[in-house]
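Below you'll find a set of structures to go through.
Below, subunit A partners subunit B and then partners subunit C, in two separate complexes.
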Partner chain A sequence: MPLSAQGGEVTSEDRILSDDITGAKILIADDDPLCRQLVAGVLRQQKFTRLEFADGGRSALEQVRSFRPDLILLDMQMPDLNGLDVCGQLRADPDFADVPILLQTATVDRKKMGELFCGGASDFLSKPVNPSELIARVVAHIERWNSLRELRFYRERISRELEAARRMQFELLPEPAALQEAAHALGLRIASYNRPSSELGGDLWGVLPIDDGSFGIFLADFTGHGVNAALNTFRLHALIHEYKELHGDPGALVSMLNERLVRLLRIGQFATFLYVVVDHQKGEIRFASAGAPPAILVQGTAARARLCDTSSLPLGIERGVQYLTSKRRFPAGSLLLLFSDGLPEFPNAKGRRIGDKGLVTALNACPAGLTPKEVIDQLCAAAGITATSPLPDDTTIVCLDRRIAPRATPCDDGRAVRTPAAKQVPTNLSNGAQ
Partner chain B sequence: MIAAHDQPLLDQDQLDLLRAALDPGALRAMLAQLPAAAADALAAITAALAAGDLDGARKAAHVLKGSCSSLGAARLAEIARDIELDRATTAEMAACLPLLSETIEATADALSRVVERA
Partner chain C sequence: MQIHMDNAGGPIAMSGEFTFSDHVPFKQMVTEIFAAPGRSVVIDLSKLDFIDSAGLGMLLLARDEAKKNHRELILRRPSGQVKRMFAVTKFNTLFTVEE
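This part shows the complex of A and B:
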């Protein structure tokens, strides 16, 4: 018999509760068996079936840990441990910090009601038991709990998937130690910095072995960041390796990548791309750029840093663009710096950006003899980037130099390395990028 | 005790709420158990008072108050509340017991009629 038949009150019987609600596990803790029976009877009438009981505060604590309820109904006054104490102990346990706890109390004292909420209760139930109030509050809190739990599961799943994607993307990048070792054998030193602005980034860089005397190095930056941009880095990575025969010809490779990406990318998506062939045998670099920030080149130990002009359209915007190959000398003692726009456009504490020219100035101010890693550290410091700075954009920096003598340079184990010209570009120079 | 006498034996509104929310069989079973539970509470209060255990007597009265108020036994609930909260000494509490006993009997009688009708 619905309450609405008796004085116009609306009862929860008017509403059919879903299985998500009635399947909730509810613990009823009360030292009075008749009160437990009454509350259970009201809940069972609404099709709640997963009910467990505790006859005191201590048994409630034990039951909570074994039964792991979705909602707890606690009588305020129980002889061994009162409801508020049980509530406090449960809230101190991270496993039950959020579980809905409804305290049953006969009090109407405002101060005591306040204490109840301060003590961690999610809500109260008045005594004598009012069945409609009991159902309404139980349903509201289970709905909230279910939503919270679904949201948490969803967030955890997304986090796990993003982490897996981040690891996969990280694996596309050259492995630093192997790269360092391989570069060292060629009379080069190389260091890199790569930090996405969120879990996944739109920057990608890599090294491509070409022949005995040269190798390629590329740096791409897709529009935006996050999942879209990251997925595009995987596409680009696959495309780059599809055109192995073009790796020695920067203009041809960049032109081909543009043709492919124009067809793949959605409107509004594009990538800046810089590809440099480092010909350490000839002592030159050949490069082509698709709208990338200019590389910075220092041609010899006594030279000043300068920007390599790279103005052109980014990849994926227009069909038929022919990208040209430029050439610069890269004698012993030279240094090459590639970076994505996250570096020059990083807003420092005062909101100022260092810009391309600021980077040139900072590079010229670097003391002589710094390793590429130290150069990167100096430039990050000059731009205001610290290890803990949140980055508004994905940031990649690659620094390469020919400032070590190629011959008779001791390796870590003390042996001299062979002449770079005589040594194959090791496959691990592009470890992870093949 | 005057306050207790002012209370109706049964709270019809509360009983109506229970009828609307419970399976009739379950309600009958609970109402049928109440007199025995009240008699147990009376025995517990009596024993506690005999032992000079005021706190024990209050706790037993508190339990009685809870079940009686929720199951619509209004006068019994008020007597239990009076023992729990308003009586300061064993003698004062003990003075309530005859009325408590008498009201349990009257409530049992009234509830048996409710149960028959349900």
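This part shows the complex of A and C:
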């Protein structure tokens, strides 16, 4: 049975409009009072109530600024300022750049119609006014305007919230000035680089004070990035600080974090984690890894860089894993580099990735005497990361060395100090780009 | 990443780069392979050039799905960066990996 056989013809007048639509503020600008009344009558019949009027082009411009309408009905022919000029002036104002403007015109000349759209009109209305056409066009434009505005509000709210979350996450990271001071007091220099691939990231690093002779440094990287990974970094941060008594024992801390995260993370989520205790008093480092990319270690100013074996299961996958502590010498002149996989896996302009071994080569090629910040800059350059490159993955790099020039004597390996101490002290502990 | 499947129950092959952006086709593939009857599922990784941590996470989801369905999941011949990733993360202890 054809649908048209049922019921009467549905016209736009029969449609019941929602309050979102009829509550819209509409400005009617026409120099002819009769025309204003006619248009207002049609709109009022459809329960539009928030109507304002302007009797010319100039008064339309004033009214727009005070009334701030959701839709403007402009007559094309007004003696003081025609509809197209009003339209042009409004479009030039960012506040009204996309408010719906419907121009009323008696013209049927297609070329002139084209000019209306070029002049910024959202649509046109034929004159004399046709009630069904008027309502149909007004409703369509208000619906579009409402959804545009909702989307805009939503986007603004989300971006405000992400910004607040980003700041909170940033606050989890070591505070650069305090870090510089603490490192310098221990005869160390430290610099870091941390950039998420979107507003929020899944990387986290931090420094844990242990005692006068040693401190801990950790770097974590959760699977994925964005909000989900970022929330997990907050969880991990809380857990790490819950087990203060394990901060001196890398294997025990990592094993404990794994037990906790296995219960918290959903299947398919995990974190790679590297925890290093830097014992500057004994001149050694002790570390435990959970599937983290290898750390790079240079044992003294004359030594070559090499990878530390960090292979092990990431955190949060299997219960009962016992993570072991490894030990390496860390004499004066040593350098330690920790990084998340965002660095070795960054695809450069040619789509190539530097990889862990490429980083070792790049580090060995660094001129002697660089500060940790300069080392990080060199490695980023070698990987193809620039200040403006979009990052496909969150990227964290921490570089720490024991290369502060001794106060009086040359370095213990007999080489002369290559960088003037005066240049090093104030700048070399600066935190890298954030 | 591309997934090559034949309907004769032969091995499934993955090629290209397996990253976060592949999670929809990969999950769909996992649903399909465990819906079909059989004992073991073989995924050939010899043509897979790159895997990131999101890719590894998806392999864990497939492993979980296999366990739930009492099926065996075999990963065949990882090479290059994929093999290195498996070594660093000891993923070869979580899966049956055939060289």
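Here, the second predicted complex is superposed on the first by the 394 of 434 C-alpha atoms of A that agree within 3 Å, B and C clash if a C-alpha of one lies under 4 Å from a C-alpha of the other, contacts with A are read in each partner's own complex, and residues count from 1 in each chain.
In this section, contacts are C-beta pairs under 8 Å (C-beta built on N, C-alpha and C of every residue); 3 or more make two chains touch, one makes a residue touch a chain.
As the structure is a computational prediction, the values presented were derived from the model and not from experiment.
In the superposition on chain A, contact of A:A106 is made with subunit B only, not with subunit C. Touch criterion not met for A:A97: it reaches neither subunit B nor subunit C.
When both complexes are overlaid on chain A, the residue A:P79 reaches subunit B alone and has no touch with subunit C. In the superposition on chain A, A:Q45 makes contact with subunit B only, not with subunit C.
Shared-chain residue A:S312: touches subunit C; no touch with subunit B. With both structures placed on the common chain, the touch criterion links A:C35 to subunit B but leaves subunit C unconnected. When the two complexes are overlaid on their common chain A, residue A:P128 makes contact with subunit B while staying clear of subunit C. Shared-chain residue A:L148: touches no atom of subunit B or subunit C. Comparing the two complexes, no residue of subunit A contacts subunit B in one case and subunit C in the other.
Remark: subunit A residues 1-3, 5-6, 11, 13, 30-35, 37-38, 41-42, 44-45, 75, 77, 79, 106, 127-132, 135 touch subunit B in the complex. Residues 221, 223-225, 267-270, 272, 291-294, 310-314, 317-318, 341, 345, 353, 355, 392-393 of subunit A touch subunit C in their complex. Residue ranges of subunit C in contact with subunit A, taken from their complex: 19-20, 50, 52-54, 56-58, 60-61, 64, 81, 87-90, 93-94.
Here subunit B touches subunit A in the complex through residues 11, 14, 16-23, 26-27, 29-30, 33-34, 37, 59, 62-63, 65-67, 69-72, 77, going by the rule given at the top.
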